[in-house]
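Okay, got some structures for you below.
In the two assemblies presented below, subunit A is common to both, partnered first by subunit B and then by subunit C.
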Partner chain A sequence: MKRRIRILIAKPGLDGHDRGAKFVARSLRDAGAEIIYTGIRQTPEAIAAAAVQEDVDFLGLSCLSGAHNRLFPEVVKLVRELGGQDIVVFGGGVIPKRDWPGLNEAGIRFIFGPGTPMSDVIAVIRENAPADAELAP
Partner chain B sequence: MQPDPEMLVRGIRDRNQQAVARAISIIADRRPGWESLLDAVGKEPRTATFIGITGAPGSGKSTLADAITSFYRAGNRRVGIVAVDPSSPFSGGAILGDRLRMQDHAGDPDVFIRSMASRGRLGGLAPATAETAAILAMAGYDPVIIETVGVGQSEVDVMSVADVVLMVLVPGNGDSIQALKAGVMEIGDLFVLNQADRPGSDRLLAEVNAALRLSGDEDCLSRVFQTVATEGRGVPEVATGIDAFLGSLQSDAEKAASRRERQFLRLVNLAVHDMTDEAFEAYRKSGCAPTEGGTSWSEAVRVATGFLDWLRTRPN
Partner chain C sequence: MSFDEIDQKWVQGSLAKTLAKAPERQPAFTTPSGSEIRRLYTPADSRVGTDPVQYSERIGFPGTFPFTRGVQPTMYRGRLWTMRQYAGFGTAKESNRRYRYLLEQGQTGLSVAFDLPTQIGMDSDSPMAAGEVGKVGVAIDTLADMEILFDEIPLDRVTTSMTINAPAMVLLAMYIAVAGKRGIPASELGGTIQNDILKEYIARGTYIFPPRPSMRLITDIFGYCTGNVPKWNTISISGYHLREAGCTAVQEVAFTLADGIAYVEAAIKAGLDVDDFASRLSFFFNVHNNFIEEVAKFRAARRIWAGIMRDRFGAKNPKSWMLRFHTQTAGSTLTAQQPENNAIRVAIQTLAAVAGGTQSLHTNSRDEALGLPTEDSVRLALRTQQIVAYESGVADTIDPFGGSWAIEAETDRIESEALEYIGEVDRLGGMIAAIEAGFVQKQIQDSAFRAGREIDDGTRRIVGVNCFQMENEVEPEILQINPETEACQVASLEAIRKARDNDAVAAALAAVKDAAVSGANLFPPVLQAVSAYASLGEICNVMRDVFGEYREEVVL
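On to the complex of A and B.
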């Protein structure tokens, strides 16, 4: 039997609500993943430490404030410094298409624009999970 | 890629966060190499204190763990936290949200927080909670705080893992009164009446004291504390209470002996759990198991009895 995929859903920066992030967390839970949820207003340092301590397979970052170009790469850098080499980082929120290439370059492997169906997110997670991990069988 | 247990153990001792985190996953998920790693962890004599926190959902267990952590951090101690939340019975997934209340310590390398899903276990902990706490102890975290799931009435697992169990009760909560009645009080060594800023806390205090006196504890005052975890109020008193409780217990040698015994029981428990799972799976596939039934407890007991009979009479 395979183990369950573990995912940290985190919100760096100062934006004040997390309805979207919570929705993603619940949907992924219902797809069978173990989600660690840390709430709003997280520093990149706190997110990176949580991702490594929790030994997650994926780290999903959500940002609505527009500071993603600074915050997301910072989180990736800190995660790698702490030894989280294999953690797949993805991003969501309101991120203009023109910022996608730069973020990809900085190690944010997947970006989901507003209105992305959850089934797309789940498919990406399924396809990029470690060989010994799965969502609900 | 098979990890080298010796290298992992060295990483744990060197307090490398990634090594500690991976070692926990290997044992919790039974990834390749988990047995030898478990052996290495089991050989380590433990000196760290394991503090269990149990109580109904929303009573403030995570907030209290956070406040207790602040207290010990002020004394420059490194603190480990293992927090268990329930797995969904439908998808097997889980939302582990205890970190939400532990923000004060996010990013502090001297606080290691690990969230775990109960994965169908009923005793209030996840299958590898004790082992996770032991790994954190090996990495020099002391104390290690263990937060139970907090659903159901019989979160007895934590008794076999923790050196001291805090039972959190809150005013105006039917569950707390229920706990007093149902004999769940036996799980707690100390009683933390949290949310003392809310009405009814003094009444709860009187009720708990009365219940403890009834059960023959004349010295109950030293075991009951009022706290406001959100503000850290009453937390130093709880910490003093923990020390007093542990000190009053036994000599260090006796403590070590009882720890060894508990560790052994835990391991046997783990093995029994695994073997039972396997055997039950075989029973279901054997064609002897009932394929339908009600949802009542008595029905479940009937099926379980059939399973045990089948085990006894099974060839080989």
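On to the complex of A and C.
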């Protein structure tokens, strides 16, 4: 019997736009993931610590304030330092395409822009989940 | 024969025949708010009909109670709405350049966007500010930044709106201080501070202090401005962000007016007379995609507020009954896909805001789902307003859709459903209690989730997103913030800290602390502190020590 996929959805920085993060969190919960949502205004340190302590499989970062280039790579760096080597990090929000390659290189594996269908997000989660975990609605 | 009878004759006759042969496009039609859209409205759907007594009580004339048709007797035939584009990015110098550009292009009022550290009362060198300085607005640390921001802008002639909430007192004090240095008395200044903390807890997120001391800051501002800055709109009670967070049109009206009730109650409790401050209350609404529902929403909001002020609070001055409002087109309706389509959405929304009788308007730029707007996009957005104002003709007749059976029926529906919600908030003990219980947040989130689901599963069609898509879209050029902004801002803040009279700053900050503790009006010591070049973060930190900080109740 496989365990449920665990996902942390987090809002780094000062941005208060949480509609998208909450929509993704709730949709993934409905799709059968175990979801932890941090709430807004989290430091990269707090997010990285939570991801590692909660032993999540995925970490989703949301930012609509334009601070993603600073905050997302910082979170990934801290997660790795704390030993979360296998945590798959993805991002969403208002993130211009020109920033995608740099973020990918910094370890943000997937970026979901506005209007991404949830089925795309769920497919990515399924394909990249560890062998012993699954979405269990 | 009654209307119902002739209506039934049609329903059972030619309509039934047509439906039997050819069903409609969808089994049901709903607004993005989830309300049913009826096939047809007839005089039977409006409770008012043509009865003159009903007409004057429920619809009336522009400039008279209940203001359903507008707050001024001549509306846009007298003066057009204020075209006010929300703008600000990077440093004060860059934003000042954008403001001067917008004024040159025919904009008639300023609207300042502050960056998040400023909105949350943090200096640019605060660790939490890293990466956010100058991003969603201009960075303001001290009076020196404010002086640059308004350089060569005639503060005695232009009105300025500032989207600032938790630290609203500090930024208004800086504005007054800049004007004072140029010899313009505070009594001459016109503009608005948003100063609406309740919706920050519900949706927008730039709170600092807990609700109760925050409400005290707001009533201190009301109290100070009544005598000293009488032309200033001391609050802009905002439904905009609630709608952006996903609530329905009805919830937008209901929760905004319920917030309004909370502020009026707090001010009365603080000893102010309702007619002394009520005419300085202003509102801020969203204008979304569904044209009919949006026009009706504005009309319903005016009618409800007039009743609340006159009957619930006993305001005597007709100015206290008027709901005056700013509108912004709905950012959440902008799509990253085929962004040029957004210009069309904005045009339709503009038409609805004007038909709904707005006092001022911000039109979003087509590229805002991608990033901050370019100068070209902002100009097109402003031109959209100018075309509606000068070419469409809707500005030349007051409340041009009034009397449309659909509009009147929708106005009635939104009014009655919003009143039910307001009653629910009252039963929970008012808006602060309803927020603390998570009621409002949960209502909004459920609506947002429903709306998101509808788009995701295709039942709500969004052109370019879930239908009529294009392959291989090329992203247009978008504005990039100078990466040096943060370092420049931190360096200039350091320079000011060195150059200013730090004894005067310490004394002024001590006076802020004394007033925060004693309960004396905080405005005079804050004005003193900003004038001594105390920074926003320093002033807010003094208040943090006394008031504490709010932590979000996460509702999912």
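Miscellaneous remarks
Rule of thumb we're sticking to: the second predicted complex is superposed on the first by the 136 of 137 C-alpha atoms of A that agree within 3 Å, B and C clash if a C-alpha of one lies under 4 Å from a C-alpha of the other, contacts with A are read in each partner's own complex, and residues count from 1 in each chain.
The rule we apply is simple: contacts are C-beta pairs under 8 Å (C-beta built on N, C-alpha and C of every residue); 3 or more make two chains touch, one makes a residue touch a chain.
Given the structure is predicted, the values throughout are model-derived calculations rather than measurements.
In this overlay on subunit A, subunit B fits alongside subunit C without clashing.
By the touch criterion defined above, A:4 reaches subunit B but does not reach subunit C. By the document's definition of touching, of the two partners only subunit C reaches A:70; subunit B does not.
In the superposition on chain A, contact is made by A:97 with subunit C only, not with subunit B.
Superposing both complexes on chain A places the Cα centres of subunit B and subunit C at an angle of 100° as seen from the Cα centre of subunit A, in steps of 10. By the document's definition of touching, both partners, subunit B and subunit C, reach A:25. Of the two partner chains, subunit B is the only one touched by A:136; subunit C is not.
Of the two partner chains placed by superposition, A:108 touches none, neither subunit B nor subunit C. By the touch criterion defined above, A:50 lies against subunit B but remains apart from subunit C after alignment on the C-alpha atoms of chain A. Contacts of A:59 after superposition on the shared chain: neither subunit B nor subunit C is touched. Judged by the touch definition given at the top, the superposed model places A:39 against both subunit B and subunit C.
Nearest C-alpha atoms belonging to subunit B and subunit C sit 5 Å apart in the superposition, given in whole angstrom. Overlaid on A, the two complexes show subunit B and subunit C touching the same residues of subunit A, namely 25-26, 29, 35, 37-39, 43. Across the interface of their complex, subunit A is touched by residues 16-22, 24-25, 29, 31, 87-88, 90-97, 99-100, 103, 106-109, 112-115, 117 of subunit B. Taken in their complex, subunit A has these residues touching subunit C: 13-19, 22-23, 25-27, 29, 35, 37-41, 43, 65-67, 69-71, 94, 96-98, 113-115, 117-119.
Against subunit B, the residues of subunit A that register as touching in their complex are 3-4, 25-26, 28-39, 42-43, 45-50, 52-55, 82-84, 132, 135-136. The residues of subunit C lying in touch with subunit A in their complex are 116-117, 119-120, 122, 128-132, 135-136, 200, 203-206, 244-246, 332, 335-337, 369-372, 445, 448-449, 452-453, 456, 462, 465-466, 475, 478, 481, 552, 554, 556.
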